[in-house]
Structure formats: C-alpha cells, structure tokens
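First comes the structure, then the notes that go with it.
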Amino acid sequence: MKKIINDPKDVVPEMVDGLVRAYPQYLKQLPDTEAMVRSDTASMAGKVGIVSGGGSGHEPTHAGFVGKGMLSAAVAGQVFTSPTPDQIYAAIKAVDQGKGVFLVIKNYSGDVMNFDMAKDMAEMDDIDVKSVVVDDDIAVEDSLYTQGRRGVAGTLFMHKVLGAAADQGASLDELDQLAQAVLPHINTIAVALSAATVPEVGKPGFELADDEIEYGVGIHSEPGYRREKIKPSKDLVAELLGKLDDSLQLDQSHQYAVLVNGMGATPLMEQYVFSHDLLDALAEKGIKPAFMKVGSYMTSIEMAGISLTIFDLTDAKWLDYLNYPVETIAW
Amino acid sequence: MLTAQNTITWLDKFGDAIEKNKAYLSDLDTPIGDGDHGNNMARGLTAVKAALADKDDADLTTVFKTIAMALISKVGGASGPLYGTAFLEMAKASKAGTTDLPTLLAAALAGIEKRGGAEAGDKTMIDVWTPVLAAVQAGNLTQAVIDDAVESTKPMIAKKGRASYLGERSVGHLDPGAVSSGYLFTALLEVEAN
Amino acid sequence: MKKIINDPKDVVPEMVDGLVRAYPQYLKQLPDTEAMVRSDTASMAGKVGIVSGGGSGHEPTHAGFVGKGMLSAAVAGQVFTSPTPDQIYAAIKAVDQGKGVFLVIKNYSGDVMNFDMAKDMAEMDDIDVKSVVVDDDIAVEDSLYTQGRRGVAGTLFMHKVLGAAADQGASLDELDQLAQAVLPHINTIAVALSAATVPEVGKPGFELADDEIEYGVGIHSEPGYRREKIKPSKDLVAELLGKLDDSLQLDQSHQYAVLVNGMGATPLMEQYVFSHDLLDALAEKGIKPAFMKVGSYMTSIEMAGISLTIFDLTDAKWLDYLNYPVETIAW
Amino acid sequence: MLTAQNTITWLDKFGDAIEKNKAYLSDLDTPIGDGDHGNNMARGLTAVKAALADKDDADLTTVFKTIAMALISKVGGASGPLYGTAFLEMAKASKAGTTDLPTLLAAALAGIEKRGGAEAGDKTMIDVWTPVLAAVQAGNLTQAVIDDAVESTKPMIAKKGRASYLGERSVGHLDPGAVSSGYLFTALLEVEAN
C-alpha cells in the first residue's frame, strides 16, 4: 500500500479537517463529529434539509455536494463503513429549519440501520424525517428476500433533483413523493480494472490480473457478475449499455440524463474515450442525452474503472432540476 | 446471572478476542464483504473499554447502556447498530428488573432481528445467536455449541448484509459477524466458568 | 497497460469528441482540428481571446477551463506532445474579436516553438498576439543557458487570472503586463508515487518500487530531484513546502492562493489528508490561504502523486480574479 | 544535387527507417525525455508519405514545402517545428534557385538553430546536422561521419529540450532527435549512392 496519508486510523478525521479548512465557504464541521453542514446557513432558511452520507472513500461524495441547491449536510463514516446514528442525528438537528429533514440513504444494511436509528432519535425531538433508500446498481439482482440492489453513483442524480426541489421550496412530503417517483428510473452499472485498498486493511479488496476486468463491481469492491480479459472501450460500452437497456428499456422518444463516472484512479482521458463510444452507441438507438456529466464523482478510493448511470427523465421537470444552479465544491 | 461486574469482565474478554483476531475478522469479510469487520469491531470494543473504565460501581443497566452507546457511536457499518441494539435491549430488559441470562439474551436477539430484518439461515450473526440462546435456555451452552453454530454459516447462502450481493458465491465462507458473535459467547462461557 | 481505450492511436480524437459531445453547452470543436472553442460566443464579443493548450493527458486541462471568465479556446496535442501550429492558429483565428489574442504557453521547447509558429501565422493575418510562457515548476533549476523551468499546475492560476481580467475588458497590453507581473509569484513542486503510461508507448515513463516516491517529477514523467522511501503525508508536506518557502520566501503578512493538485490516480482522500497537513504547516508559519483549491486539475494521465502550487498574491486584485465567477466544466 | 524525384525517394527511405525504429526512438526518449519521439516522427512521416503521393510531377520547392507542411501539422512536440522548419527553409532556398545540397542543408540548419535557439554541444539534433553539413560541404559525407555524430551526443549534457531537465543525468544517453537525424542522413547517403 503506497498512499499519501499518516496513520491509517486517522485518515477520516484528517481528510474531513483538510476538506473543511480548504473550503470554509462551503462547509463547516459539527464539533466532535465528521458531519459537515452548509456554511451558507441563509440558503437553508425555511427549507427542508437534505442530509446524505455514508462510508468515506467515495470523495468528492458526499461532502462535495453540500451547498445551496443540493445537500444541506453530509455525514462521513469510517472508510467504506456507514456513519453512526449519533453523527447522522447531529446533522439532522443542525439543518432542520422546522420544515423537516429528508435523508438520502444508499441501500447497504449498515447505512439503512444507522440512518434508521438516527431517524428514531430525531423523531424523539419532534423533527419530521423522511427518507429514500437508493438502489440503482442493476448488477445485483433485486429480490424481496435479500438486501436488494446497492446504491451507487446514481445517488448523485437523486441528490441533485431533491436539492433543486428543496431549494425551490418543496415540502417534506413533496420531496418524498419526488424521491419515490425518481427512484426506479435511475440505473447504474460498473466495470472495474482494479480494486480499492482500504487504508486500515492495507491490501486491495480483490485482485485482477494485468489483463482482466470485472463487470458489476460495487463501490466497496463488492464482487461483480463476470470477469474477463480487458476489451476495447467500445465493447465495454456495449456490455454496460446492454444491461441498462434491458433494465430501462431505452426508448428514443424519452429524454435521458447520463453520468459517466470514474471510480477514482481512472483518468479523464479514459472517461472521455468511453463517453465517445457511449454517445455513438446511444446515437445508434436514436438517443442523444438531454443531460450529461463525465468525471470522478462517486469514487471507490483508488479503484480503476467506470460506472455508467442512465436516468430516464420521464417527467420534464427533472431535467430542470438537473440543470438548476448549485454552489458546491464538486457538482 | 449477569451482574455489572461479570458483564464488564465479559466485555473485557470479548474485546481481547476481537483485538487478537482483528485481521482475521477483516480477512473473513474480504471475499464476501468489504474487509472491515475486524477494524469496525476493534474500534468499537476499544471505545467500550474506555467507556467502562469508570463504571466499576455502576449498576447492570448502566453497564449495558454504556456498552450499547459505545458500540452504536463507534462501530458504524452493519455490525454497529446490531451489536448496539443487542446491548440496548439488554439494558431495557435489565431495567425492567431481570438479571437472568436467557431472558436478557432473548431480548437482545429479538432486537437484532428487528433491527436487521434477517432470520436464522440468512448467514448472519443470527445463526450464532439463535442456537446459543437455545442452549443457554436449556442450560447446556458449551464451546462446541458455539463452534458448530459459527461453522454452520459456511455452507449457507447469504440473504442479508453485503455478502448477499454474492448470492451462491457466498457459499463456503464463514460469516464474519457470526465469527465475532462466536467470540462474544466464548467470552461469556469463560466468565460463567469463573 | 490496462486502459479503457480503443486503438491507442485514436485516443486523442476520440477523447476530444467524447468531451465536446458530452458538454456542448461549453465547447465546440473546430472542424478538422483538436481545437475546442467556447460555445458561448456572445461572452467573447469585444474581448481579448485567451488561448491555451498543450499535449493531451492533463485532463481536465486545458479544455475543462474553456468558458466565460476563463479560456476562449484550448488546443489539444497528441498525448504529452505539443499541438501543431496550424491547430493553434485555427483557435486564434476562431476567438479573435479584433482585440487580439493572448496565448498561455507552458515552458517546453515543443510548446514554445509550435505556439511561436502559430503566432507568426496569425500575425500574417494582422491578428495581434501576445503570450506568456509559464515556468512555475521549481523542481528544475532555472538558468539562462537551458530550457529553464517547466510549466505545470500553476498554469491554472495564470488561466484564471487572465480569464477574469479579459472578461472584465482588459486590453491585450494590459493582459501582457498582468501575466508578466503574476508569473514569478506562482511556484509549484510535485511528488510522484507512480508514473503515467502514454497509450502509444504502453509502459510507464519510469518505475518506482512499491515503497518508493520521487520528488520533483514533471507532468510528463520528467525525472525529479530525489527518490526515497514513502513517508507520512506530513513529511511530504514538509519537503514540498520547504522548497516553496525557499523560493517564495513565505511571509505571514502576504496573502496566498494554494492549489493542491492530484496527478491523476491519486484519490481525493489523499489530497484532503495532504491538505490537512499543509494547512497545519502553513498555520505554524502564521499563514492561512486566502484562496484554496484541492482536486485533480492538471493531471498526468494515471500518474499517482500530488503537486503543490503557491501563488503569492502581491496585488489584492489577483484574489478578486481568482474568485471571479466562471462557467467552465472543471474549475 | 537534389531533385524533386530524389527528394521524394530520400523521404521515402527516411520514413521506412523511422517506421522500423519507431519503438527504439521512443525508448531512447524515455529516460531523458517523454518517450514519444518515435511515435511523433512516425506520425509525421506517414503524413509526408501521404502528402507526397500525388506530387510525382511537382517541382523541388513544392516537394520541400509539402514535406514541411506535413511535418509541421502532424508531428507536434519539439521535433515537429524543427524538422518542419528545416524543410521550409530548404523550400525557400530552392525557390531562390538553388538545388545545391550544401546550400540547402546550410539553410535548413540555420532554420533549426533559429527556431530552437540551441547550438552545437547542447545534445540535440544539431549535433548531427553540424558535422554532417561540414562533411557535405567538404564532399566527404560517409556513414561513419553520421554514426560518429550521433554517438557524440552520448557523453553530452543536455542544454535544450526535455532532456535538459535532467542536467548531468542526461550524460550517457543518446539524444533521440540526433538518432532520427542520423536516419535522415543515412537515407540521404543511400539516395546519393544511386
């Protein structure tokens, strides 16, 4: 493990400190927590708060999306480990303006349970709390009898849509309806070239040979659905887009938002080449994205790979929400 | 019967076992999870030890609650709320007056089930808690019962937690939370033996 | 070499195409070139154009900084290879509004010569062209008898300052004076953990052992000044900041802008930890940056490492230029 | 004496040598540069070949200009403007009436020196062009002269181009641009021999 860190145990507090001090205009840290709240308090007045969070290692997610028009607060857990309820609760309390707080949770048992406990705590304080559990990763088969699908990069579209709506004065119930309406239309799938190394673990989550890739890997190095030899970008696009098409039933009469997301160590060069192939493949289906973003937004420390998110904009308003201006570090 | 004192000793021994097996637990969590279970538990048990340091004269309920809060606020992940809830439920039950081990453990297990929505056979810590509770109720908890319970998770297909993403590929691996729960009950046996 | 690309020969045209099609609201590509010009043509009217460029492989530099308030156009060469004069000339012509065009060149023989030839071409068309050659990398000793220092991440501060001034109506001569005034006050130095692999070359520019780092490496894997065993982030900060202090003579009565820049494969986690240590080390000198940015802005494909840029804001206006709003993909 | 026809043959042979030694040239550029010299030159010479394809009946000036433009617009980096300028200066000199090899090469070298600001001893292609021009002027260019000139760059300290960042550590390496210029003059020798 070769990393620019000090003691692996201190990575999270040190990184949160570095981030908050580098960007005081966006973030402030709640004392004795790794919860980060919008500095621009005025922008939250009279509005429903949006709180997200999860394990660290996905930077710039989540704190990079805290700011006017997007998240009110982000809570950072240990690396790849859900934050604890007391910290989530502190964030909820800090952003509540009497209009309630909406939680964006990714579908991992840990996150779901910790956020639920925080919700219980907040409700004891008479703060209205609602939440959505994002499960956009179609690599895992959904089933009522399992944990279900994972929440991955598509979560950022959820943040963006809810943040815009909240900034425009949507109520807690409206946000809840919006989140539930949007949820099934966001799908993501990834391909990995190498795994992440959690600092305290010291070795990669899995090993791939020099010429091997794995489809469907999660953002914590969760195993995917197939390993094979590396292929040209065009073929990777065909595989990932094929899965998304099966799931979303892409249709040229619809409008789509697309996120090409680097997993951490993948240079923009590769992301842009992939985007080129993707746009060609979509054009063959008669589709030109109405909204697109390319970059390393939902990372998995230094994992190499790309995830592809497609968001079917079945309601025209959702595109406006995506285009709504924000003031954040990373959007 | 649990007392404040033997509960503190229990958690102390549990903490030692976790510390000793931290790397092993994370290794177990690597092929079917995210490789952090050892670190999560170690962080939590260090916090438990620190929190219990000045609780020598506390009552059982306070001890349980102290343990619960330390676990809830320091472990994170899936295991934090689950172990935390277990001790919180024991705190509640003890407050209601009981010091009886089977009653306390039953309350803890019910809390874990409610919090995580898993049941026996889902390849989680519940697959250790369930047979252990039965043995405690029958008055015949032994190391062999614990070991068998832990071992029983190996052939199971995970239905909850991160390992469930693997489906059938989770077969053949011990569940890390089951192994850490095994340490919890081994520590309990040692305390009971004294 | 494991990369998400097709034929290595096609990387640059494919990536430029992917970028421009993903972000049509910011960029348009000049036909038959890899030159990208601001889509928002109206924002250029009546203003001096700012053109930058260089070899590809530094994404999001340069095209990510094209937009209102920053660059007018960016020209992408082959990977780590200066663009050719005809393409630079095409960009100059496309952005000229009769007020002249200012070129931001990084100090590499190739870039200097190609931009000079483009300037000659433009002057034959009676377009006024002036330029600055950025040489912020203090790892290389400066000398009249050599090529001198390299231009690296500090170039982004030059882009930002000039772009803001141009947007506010500065003349070509004023921009020239501003560029010359700013130039000596921007210094950069880097540490690398691994080298970049140029797709057409297929292997890394240099090899470092699993526990080795190198100080002073350039953005094209140019060798640095010392190799040693990896150290804690704190110690890396001490080394880099020490060199910058020697060069800039940091002074608590001055205001500084800081850029912590990831080289491509370095996760934000490490960049934030490094920032934490940096801010501590600066605080010990009584310095709190007036402006700070942390992220992978001037990359070297998938090189791992961090560069640190400090810009001594000897003129208070420069801070306003840094804070001036821009509409770009990546700033 | 250079003609349109033997110049086309010259560049053809040069292109073959570059193509054959592409990887070697990039390898030479790796320890003291950025590893792209072979790729840069190959891209340029492919463009030269394509551009010359329909120039069989062109005059010498047009041939030189065609070569110059292809190199300038396709090579990039440091070598593009330098080789491009060399041929552009030969185009100018030939337009002024000369077909005399020493005069043409002298114009080319002057162009390279002006464009890049380097001089003999700086460990660049100039260290090949200078002795080669002298030999051509003296009427005794041989492969040995070329080889010695290329070899002479090895012990030099680079003062221009990327290799200069290395200072004394550039000693012991051949300059890639000197090696490619060596191929240019070997190709010239072959053409002259026919």
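All chains are identified by letter, namely A, B, C and D, in their written order; residue positions are counted from 1 within each chain.
We take it that contacts are C-beta pairs under 8 Å (C-beta built on N, C-alpha and C of every residue); 3 or more make two chains touch, one makes a residue touch a chain.
If you're wondering where the values come from, they're calculated on a predicted model, not measured in any experiment.
Student: Let me check something: if the centre of a chain is the mean of its CA atoms, which chain is farthest from subunit A?
Tutor: D
Student: Taking each chain's centre as the mean of its CA atoms, how far is subunit B from subunit C in angstrom?
Tutor: 53
Student: Could you tell me the distance, in whole angstrom, between the mean C-alpha positions of subunit A and subunit B?
Tutor: Here subunit A and subunit B have centroids separated by 31 Å.
Student: Just curious, how far off is subunit D from subunit B if you go by their C-alpha centres, in Å?
Tutor: 75
Student: Please list all residues of subunit A that touch 2 or more other chains.
Tutor: Subunit A, residues with two or more chain partners: 79.
Student: Touching at least two other chains at once: which residues of subunit B meet that condition?
Tutor: none
Student: Could you classify the connectivity of these chains, where an edge means two chains touch, as line, ring, star, complete or other?
Tutor: Graph shape, chains as nodes and touching pairs as edges: a line.
Student: All pairs of touching chains, please: list them by chain label.
Tutor: A-B, A-C, C-D
Student: Where on subunit B does subunit A make contact in their complex?
Tutor: Against subunit A, the touching part of subunit B is residues 26, 30, 34-36, 39-40, 43, 72-82, 84-85, 115-116, 159-162, 164-167, 169.
Student: What residues on subunit C touch subunit A, complex-wise?
Tutor: Per the stated touch rule, the residues are 2-7, 11, 14-19, 21-23, 56-57, 59-60, 64, 79, 191, 193-194, 210-211, 213, 230, 232-234, 236, 260, 264-279, 292-296, 299, 301-302, 304, 306.
Student: Quick check: in the complex, which residue numbers of subunit C touch subunit D?
Tutor: Checking each residue of subunit C against subunit D gives 55, 77-87, 108-110, 113-114, 116-117, 140-141, 145-147, 150, 198, 200-201, 205-206, 218, 220-223.
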